[in-house]
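In order of appearance the chains are A, B, C, D and E, and numbering begins at 1 in each one.
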Amino acid sequence: MNIHPGEIYKSFLYAARFIPVTLYITLVPLLLCIVVGGIIAVLRVYRIPVLSSILDFLISILKGIPAVLFLVATSLLFATRFDNLAKLLHLGIRARDVDAVYLAIFVLTVTSIPSLSESFRGALLSVPRGQYEAGYSVGMTKVQTFFRVILPQAFFVILPSLTNNTIGLLKGSSLVYMIGVTDILNSALKPANATYAFLESYIAAAIIYWILCAGIELIGKGLEVYFGKYKRGATL
Amino acid sequence: MIELRNIQKTFGRNQVLRGVNFRVEHGDVVVVLGPSGSGKTTLLRCINFLEKAEEGFLRINNQEINFKTASRKQILDIRKQTAFVFQNYNLFQNKTALENVTEGLIIARKIPKKEAEERAREALKKVGLTDREAYYPQQLSGGQQQRVGIARAIVLNPEVILFDEPTSALDPELVGETLKLIRKIAAEGITMIVVTHEIAFASDVANKVVFMDGGMVVEEGRPQEIFTNPKEERTRQFLRRILPENDYSI
Amino acid sequence: MIELRNIQKTFGRNQVLRGVNFRVEHGDVVVVLGPSGSGKTTLLRCINFLEKAEEGFLRINNQEINFKTASRKQILDIRKQTAFVFQNYNLFQNKTALENVTEGLIIARKIPKKEAEERAREALKKVGLTDREAYYPQQLSGGQQQRVGIARAIVLNPEVILFDEPTSALDPELVGETLKLIRKIAAEGITMIVVTHEIAFASDVANKVVFMDGGMVVEEGRPQEIFTNPKEERTRQFLRRILPENDYSI
Amino acid sequence: GKKEQAEETSSGNNPDAKTIVVGTGSSYEPYCYLDENGKLTGYEIAVLNAVDELLPQYKFDIQIFEFKNIAVGIDAGQIDLGAHQFEENDERKEKYLFSEEAYTTYDNYVTVAIDRNDINGIDDLAGKKVKASTGGNNVAYNLEKYNEKHPDAPLDIIYSSETTEQLISNLENGTYDGTVLLDRNVERYNEQYGKRLKIVGKPFTNSNTYYLYPKGAAELQKAVDGALRKLKKDGTLAELSIKYIGKDYTPKDE
Amino acid sequence: MGPFFSRVFEYFPIVLRGFPVTVRIVLTATLAGLILGTVLAFIRIYKIPVFNQAVLLYISFVRGTPQLVQLFIVLYGLPLLVVKTTGINISRWDKMFFVLVTYCLNEAAFFSESIRAAIQAVPRGQTEAGYSVGLNGRQTFFRIVMPQAARIALPGLGTSFIYLFQGTSLAYLIGIFDIMGQVNAIGARTQHYIEGYVCAGIIFVTISVILEKVLYRVNQKLAYGGGK
């Protein structure tokens, strides 16, 4: 094996500067997904007529659309149509003024919604019926019961898969290099332009990813302990 | 005063309640008896609107509600006058004993937190759990959980408390304690409808026993009458099976 | 004949069984009584090796086994002579009633499928479930599930059947039925150890009552003796709480 | 089925021939790509086969890797020769061995949208957005070098790896002001998408492409260089260039 | 838009050539991943010393690093390991082998956690009931616990199965043309990428919708009379 540690170090320094970018395009979509995926899951769990069947179908379609197709199609449509639309609406903004990061966030959010929403759905379904009824029986409305009783319990259940989803998003976010957003992986490769030390670049990126993922797992475990405090010292 | 008139409830094609009528005076304790599947739980759930009956009227004091046309607001109103104690407790798993009791007060009744906690502590004291207020349900024994469930109900100061087999998930030794507690609350003049198979409790505490079968009230009356001299054959048959002087011969 | 000698079991630092001794003659029915946590379940589980006791001897007929040194083979042997009926049924959820009963015969006893099914059908008939053989546990009522559990035990033709509160999860009406069934099996001369709080059943069916507390046998004797004239204060106290002539006054 | 192609043309009748694992790509038309039938083809492949033909002591086993992974494979000692239009520079030479003999010219030009008239050379792009990609050949390297030399008026280099269609659209809508491409690639894009791009000014870089070897493969390098020289001399290389790329892009020795 | 769709039609059969390759990777990785994942799950459940720590490290590595790096390790590291330990040179084996190994190891790590959760979700009483009728540990696991755990794990496994169809593109990086590989090859040849992606999208969406239906059926079947 012909590995130059110096190149790893160089790539590491390059890539480390882009940790914030990767975290940004991971965590913002994650938050958006939690909100949107959560709402979709709620609509499906409460079996809102018509809407929930439409969502069932849309989710299974969306699951099948490869992220790169979505990315390329979105960015193409954006590049070719946005200016016309903006002119039509008399907006001063043009495609070139829009930071590709926003496009990246949009695409990563939409493509991650199915798995997030599925995790949420499973978690919501795992809260026993009796918990809803207990809420109603003390006079709380559906909404109050949901936010005060069901959600906190579902959140505990969803945490392991949320950790999984976050890690998936983190690693999957390097895709947005296809629209000019530079993240950890692609900045790690930059020094290799000069040297072709791609192996070293990949190793550097892997180290950073591993550290970040370990951190995410740690946070996940911490949240599990925190939100699961009602399970601690369970005697029954 | 609570009055049920012609309550009907169907699940799919299965009519579970076929027009139930009865009346409970203020401060009375009614025990509902009946074989499994006769609709006792469903009846209680309908009164608390956990299930929506298709037909019938419910009158609590001077407020009458038609199940067919009940509005959201009316439902919430009725729920404020009724409280439910579940067979399997159904405590909020993510809340401590104290929070379980304050939740309805603070969120549904909009009572300031401080006052709510005061009242909750009082209720917990009544059920003998003062020292357990910071415990989560999973850290409590079945009997303790059920007592928190009872505290959660009485703290709301409802017109009527509905108990669905409050002791059937408890260890035999704890059954007595819990029934004692219910008796104590009854003594305070709170109206109660209790589904239970504890005949001794019923004879002792109830003002009225309602025997249901097949979604209808078959017979009702004072406990002594029903237990010692049931009029209906179906009641007699049921009591024979359930009374402790059971005969195990084949 | 089954004999337990000095059975000791510790969970962590909590010694749950502190040297239990008793003896059951062939064909006898022993009822084990005692407050919650006294170690009744643990004792049964040790006999079936669901839990491994640290100390003690178990003798079934002429075979004696030392818990300390029991080998895998010995454990399987013992399990073949004992059968367990669980409080919450524990039927195999992925198997029909019939398959639940044949499973042990076919897989553990290597009996040909056809013969196993014949024997299983007979057992199901004995518990009155001939028409339910193709149902999955989730499609059966609690009482029916418990009867499948009993069929699963008797089909193995064990030396002793261990029942852990076989009726405590059942509807009161079904309790009688199930106890009747157990009595019927007892009449066939199968040795049984039954943990139950059903005093009426114990008085009627048991040859012997064993009262446990704190991991030890406090008192044992014939039911009439124990129930009407317990020697130990602890036994008296317990019976006062549990007997149906309960007093609910505070 | 990548091995067969190598075998049918290589001097496979020599049983003592040493197998050389050649790493090339599959997504750089017209150098190395799959034709409609899924067969690996292109200028690189043709030249490799011609070289193999001339070297009875070697048997080329052409395998497909993604551009960057060829270097990784060489690092790992599993690829003996990389052929993917590699350009050389000093940094690369420290880590790898390049062929002495170049086999393609590689002239890059500043490229802009066709109706863009304000940019006539690299200096006009100062402060403007220039698209480049990592994991490619020398373009990004030279753009960075340019910035080092012009710290007062640097280019705003944006790294990306979009599809051709995205690139053209982004040059048109001003997301990028320009990029640097091979003149012949610009022609191809214009053929596919209508005349939407143009090259401006004189070449941004003049360079050539070489084979990439691990350090210490001098013997193989010498032999291949010899074969290349022969192919250049007898005109085969030029022929292949015309056949596959459309014009003669073989380097003329001064 | 006319030429766009005619290109989609033209490319579709070519993209479809990658289908068997994708299916082969997906099926192999899923099957082997399930088996290996179950073994890993057991190591975690029984907390077998040393192995447990090793498995934890392994899962964390697989979850935490880019798949491409894992492919390098398998492609270049595994032959080194094998040649050192057994003297067999596997470095020239079909590259498909290495792709399969990479995906298997990857899936195993991800599956093991869901499998572990599913096995632990089957009530302890089921195992005890098995013992009480005289089954041994292995019999109890395969006949009682596993069929029930399967149902619990199924939704999660099904989703990752669907995603795996789209995620086999490592193969392309070393010259094996799965569906996405074919799309890239077409893109490289014609400069038209999006049409190929659309073809792939059609295939994947079809698979996703069909699988969803199949999963629903299997789920019903594994419900053992429990309905929904």
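One rule holds for everything that comes next: a contact is a pair of C-beta atoms (placed from the backbone, for glycine too) under 8 Å apart; a residue touches a chain by one contact, two chains touch by 3 or more.
Computed from a predicted structure; not experimentally measured.
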* Structure fact -> Sorted by label, the chains bordering both chain A and chain E are D
* Structure fact -> At minimum, the number of touching-chain hops separating chain C from chain D is 2
* Which chain's C-alpha centroid is most distant from that of chain C? -> D
* Structure fact -> Check: interface with higher C-beta contact count, C-E vs A-D, is A-D
* How many angstrom between the C-alpha centroids of chain D and chain A? -> 37
* Structure fact -> For the pair chain B and chain C, the C-alpha centroid-to-centroid distance in angstrom is 34
* **Whole-Å separation of chain centres (CA-atom averages), chain A against chain B** => 46
* To do: Calculate how many whole Å lie between the centre of chain B and the centre of chain D, each centre taken as the average of the chain's C-alpha atoms.
  => 82
* chain C: which residues touch two or more other chains? -> none
* To do: Pull out every residue in chain D that's touching 2 or more other chains.
  => 69, 72, 76-77, 163, 165
* Asked: Out of chain A, which residues touch more than one other chain, so two or more?
  -> 1, 72, 76, 199, 202
* Asked: Hey, which chains are touching each other here?
  -> A-B, A-D, A-E, B-C, C-E, D-E
* Structure fact -> Within the complex, chain B is touched by chain C residues 35-36, 141, 168, 171-174, 176, 179-180, 183-184, 197, 199-201, 204-205, 238, 241-242, 244-246, 248-250
* Once bound in the complex, which stretches of chain D touch chain E? -> 2, 26-29, 33-36, 38, 63-66, 69, 72-73, 76-78, 163-165, 188-189, 192-193
* Asked: What residues of chain D sit close enough to touch chain A in their complex?
  -> 68-69, 71-72, 74-77, 86, 89, 91-92, 94-96, 131, 134-136, 140-141, 144, 158-163, 165-166, 169-170, 172-175, 212, 214-215
* Asked: Okay, in this complex, where on chain A does chain D touch?
  -> 1-4, 72, 75-76, 79-80, 82-83, 94-96, 100, 177-182, 186, 189-190, 192-199, 202
* Would you mind writing out the residues of chain C in touch with chain E in their complex? => 48-50, 76, 79-80, 82-84, 86, 88, 90-95, 103-104, 107-109, 135-139, 152, 156
